[in-house]
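Structures incoming, each one as structure tokens.
Two complexes are shown next, each including chain A; its partner changes from chain B in the first to chain C in the second.
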Partner chain A sequence: MSNADKGLSVVDLTVAYNGVPAVRGISLEVPAGQAIGLIGPNGAGKSSTLLSIMGAIPRGGTVLVDGIDIAGLPPEKVVRKGVSLVPEGRHVFAELTVMDNLRLGAVGRRDKSGYAEALENVLALFPILSEFSARQAGLLSGGQQQQLAIGRSLMADPDVLMLDEPSLGLSPTAVDAVFEALDVIRGLGKAVLVVEQRAEFTIAFCDRTYVLHDGEITLTLKPEDANNVDVLTQAYFG
Partner chain B sequence: MSQLLQSLVDALSAGATLGLAALAIGLVFGVIRLANFATGEIITAGAYTLIFTWQLGWYISIPFAIIVAVLLSLLMELSVFSRMRAATPATLLIASFGLSFLLQRVYELAFTNNVQTAPVASELAQSISIGGVRIQMLSVATILLAALLLTGLQLFLTRTSLGLQLKAAAADFKTARLIGIPASRVIGLSFALSGILAAAVAFVTTVQTGAVGPTFGVPITILALVGAVIGGIDKISGALAGGFLVGFATSMLASWLPQDMSNFKDAYVFMLVIGVLLMRPQGLLIRGRGAVRT
Partner chain C sequence: MAQKSLMWRLGPLWSLVSLLLIVYAVTLVNSRLGEGIQVQMRYALVNLVIVVALQMFIGTSGVLSFGHVAFVAVGAWTVGLLTIDPELKRNLLPDMFPFLFDVQAPWLVAVILGGLVGGLLAVIVGPFLMRLNGLQAGIATFALLGVVSQVLTYWSSIGPRSGQSMVGIPDVLDLQTTMLITLVIIVIAWLFQRTKPARLLRAAREDPIAAAASGINVVPQRVIAFAVSGVVAGVAGGMFALTNRVLQASQLGIELTFITLAMLVLGGVLSLSGAIVGALVFSLIDLVLVQLQSGVDIGSFVVSIPQGARPIVLALVLIGMLLWRPSGLTGGREFVWPFRKHAPLPGNPVTND
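Presenting the complex of A and B:
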């Protein structure tokens, strides 16, 4: 497989709830080693896009992971094809320890033998998880829980990492820590797809950012557009 | 004093039995939001198996009852509930009522409406005297059995990967699937464990009564469901604690209410339940409003 085929490719994706369209035939590319942003107002269809790629809600269209069609697969099988989602609101298993949360992340690994190395890498990326490994996940701060949620997803050794609003409810320092980690993950050659509300920040961080409006991609932005007020206004208000 | 101790041991035993039954319901509810009323018929199937096979020896009868209960539990999942994944908890509950009534009629056709009897572990029906206090062997055996099962379950849930997956799925099924935990594996596991617990309940109650009819498992399932709800059915430990509490309270009321009022013991228990639900609708052990799964 050529490097150009690696990553996530979405073609003509549609999602509807009780016949009401939420995502209207969008197409996007998330190449390996790049971070791609997906921004837009509430209800634009961002989370529906991620959940439908995971197979958690029904969809139309084609989703290719490293060139392979993952049509009709349930979420647990999509994970085994190399796609992981860090859900909105983190959803760590609050009553389990940090280490148990990480162990559970490895259930979806394709290569079971790489567990020890994956754990070592995650703990190197998020040293705080090593320090609090025996602590109940629910006792961590929001920022630490986000690190745990990302670390848990990385334990599955995904080729494509998707994050749904990773900055939600976090302090500016915690947000910086999360995006520093995402930069490292991108550097490792993973394809990263980030859904965010913070437009400027996302556009500046990502290699390319799609603007989603009422289920359709209305703009594609580059990092240099981050400070362009006209572009941002158009992105959110049309 | 000796009467108090005696009724305390009996109440612990009744609490342990209902705790196990509520746990059988809570384990499945945690994963697929099904409050399985037909758990009663799994208990009945285990009880019939004990009655009909006891003469072959306990070492055949008990494993056989466990196998029957587990297989019936898995069969319910495969033939009915797996086809209703998108259904709401209310629809699932109604389906389980239907399944319960259907199985009761099947038992009626197969074994008649009359109760079937056999002296299952009749040696446990004897009493022993400890320090002047007469205690039923069955009460002690029930408490020990429950302790053994709960310890085993706790070890399984915390020390094994499969157990951890089940625990995670019971806490947040949607997220569990999103991180790669196979839905069919944890659902099947929850039904299998529920079957084992139902078999244990069947053993204890069959020894107690020695007679099994088509609706044998219904009364205990109603109380176990009530217990699971007041403890917090959303949480495995909540269901267990609630079941224990209802069993304990029922037994204590039976021992201590005046003779002419003891027939109303269930009414007192349900008054307690209404009180708890008015004050803590989410259950005693759930913090906040309790999770609502969509």
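Presenting the complex of A and C:
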């Protein structure tokens, strides 16, 4: 497989709730080694896009991971195909320890023998998780929980890492730490798809950012558009 | 510092030790209070093991089960068939399959086999039932209980004729032995909590979205938990058979299901501590009410409650508990070392930094 085929490819994705369309035939590419942003107002269909790619909600259209169609697969099998999702609100397993959370992340690994190396890499990326490895995850701060949620997803050794609003509810310092880590992850050759509300920040960070409005992609932005007020206004208000 | 660290590491073991000590202490106290109380305590321990079985599945997976008493019933039946004297079986259970007349086992082996039969039934039905959630799972498991109850009531090839009882089960189980079996079961349940399937199920129960995103497929893990709890319920059935010494399918049905579920809810569904505390407290209240129904002499007065008031009082206690403390007496938490912090409830990080 050539490097160009690696990553996530979504073609004509549709999602509907009780017949009401939430995502209306969007197509997007998330190549390996790139971070792609997905921004838009509340109710635009951003989270539905991620959940449908994961197989958590029914969808139409085609989703290719490293060139392989993952149609009809449930979430646990999508993980084994190389896609991981960091859900909105972090969703760490609060009653379990940090280490148990990381162990659970490895359940979906395709290569079980790489567990020790993956753990070492995650703890190197997020040293705080090593320090608090025996602590219950619910006792961590919000920023630490977000690091844990990302670390847990990385334990599955995904080719495609998707994050749903990773900055939600975090202090500016914690947001910086999370995006610094995402930059490292992108540098490792992973395809990163980030859903965010912070438009300026996301556009500046990502290699390409799609604007989603009422279930449709209305704009594609580059990092240099981050400070363009007209573009940002158009992105959110049409 | 080193001492604190040691206590931290031994924290989970502390929860086990405290539970074993509680059961031991309660049994010890009751053993000094006369033969009638001792008998009640034996039944309380049998119920406690059933509640532990329920907690191992419901508490771990978050899936409702009204069917675990079916495993209790097949466990009880197995022990009955394996321990009644062969001659007695020929006379009292004449319609049985002939090979069952001479099948015999020592009582402890019979109890273990009773557990295995309970587990086997769970393994057979588990792959179908464990795909269901919520009320659907509750109804499906309730249907299992109905089927098992009908089979044991009417199929005289494996037991007494309809309307008759299985009698002649030997008197081999005293309070001390019942307690020892109970303690072993508590250790097994505590160890089960630490297995991979239990951890995966707790994670999926706590956060289905995150569990799915982590690649956890809950159905096989649920089947494992269903089977292991089925074994424990089967052992409880064997204990019931050796305690009651008379078996009728109607004793192992809806009423026992709801009483044991009430015990679990009272203590707290989410923890083994909750199962044990709930079973003991419920049994204690029940014991007091039984005594009050018979009348208790206090000086020159006789304190009593009307006949039939016992289930009403128990129901009121349960309703009050659900209103006052819906997560149960233990709050669904295990006992922890007194100086150790609890984790906040899911979704409530301490700060945002």
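Observations, loosely collected:
The rule is simple: the second predicted complex is superposed on the first by the 238 of 238 C-alpha atoms of A that agree within 3 Å, B and C clash if a C-alpha of one lies under 4 Å from a C-alpha of the other, contacts with A are read in each partner's own complex, and residues count from 1 in each chain.
Simple rule for what comes next: a contact is a pair of C-beta atoms (placed from the backbone, for glycine too) under 8 Å apart; a residue touches a chain by one contact, two chains touch by 3 or more.
For clarity, every value in this text was computed on a predicted model and none was experimentally measured.
For the composite obtained by overlaying on chain A, chain B and chain C cannot both be accommodated without a clash. Of the two partners chain B and chain C, it is C that touches the larger number of chain A residues. When the shared chain is aligned, chain B and chain C each come close enough to touch A:L96. Contacts of A:L140 after superposition: chain C is touched, whereas chain B is not reached. Legend: residue contacts after superposition of the two complexes on their common chain; A:M54 is shown touching both chain B and chain C.
By the document's definition of touching, both partners, chain B and chain C, reach A:V107. By the touch criterion stated above, A:L170 is placed in contact with chain C alone, chain B being left untouched.
By the touch criterion defined above, A:L28 lies against neither chain B nor chain C after alignment on the C-alpha atoms of chain A.
In the superposition on chain A, A:R152 makes contact with both chain B and chain C.
In the superposed model, A:A204 makes contact with neither chain B nor chain C.
Stretch 55-63 of chain C is the one among 1-9, 55-63 or 91-99 that clashes with chain B after the shared chain A is superposed.
In the superposition on chain A, chain A positions 54, 56, 74-76, 79-80, 84-85, 87, 91, 93-96, 100, 103-105, 107-109, 152-153, 156 are in contact with chain B in one complex as well as with chain C in the other. Put simply, chain A touches chain C in their complex at residues 54, 56, 74-76, 79-80, 84-87, 89-96, 100, 103-105, 107-109, 134, 136-145, 149, 152-153, 156, 169-171, 173-174. If you check the complex, the residues on chain B that touch chain A are 161, 164-165, 167-168, 171-172, 174-183. Chain A meets chain B in the complex at residues 54, 56, 74-76, 79-80, 84-85, 87, 91, 93-96, 100, 103-105, 107-109, 152-153, 156. Every residue of chain C that touches chain A in the complex is listed here, in rising order: 8, 199-200, 202-203, 206-207, 209-217, 341, 343-353.
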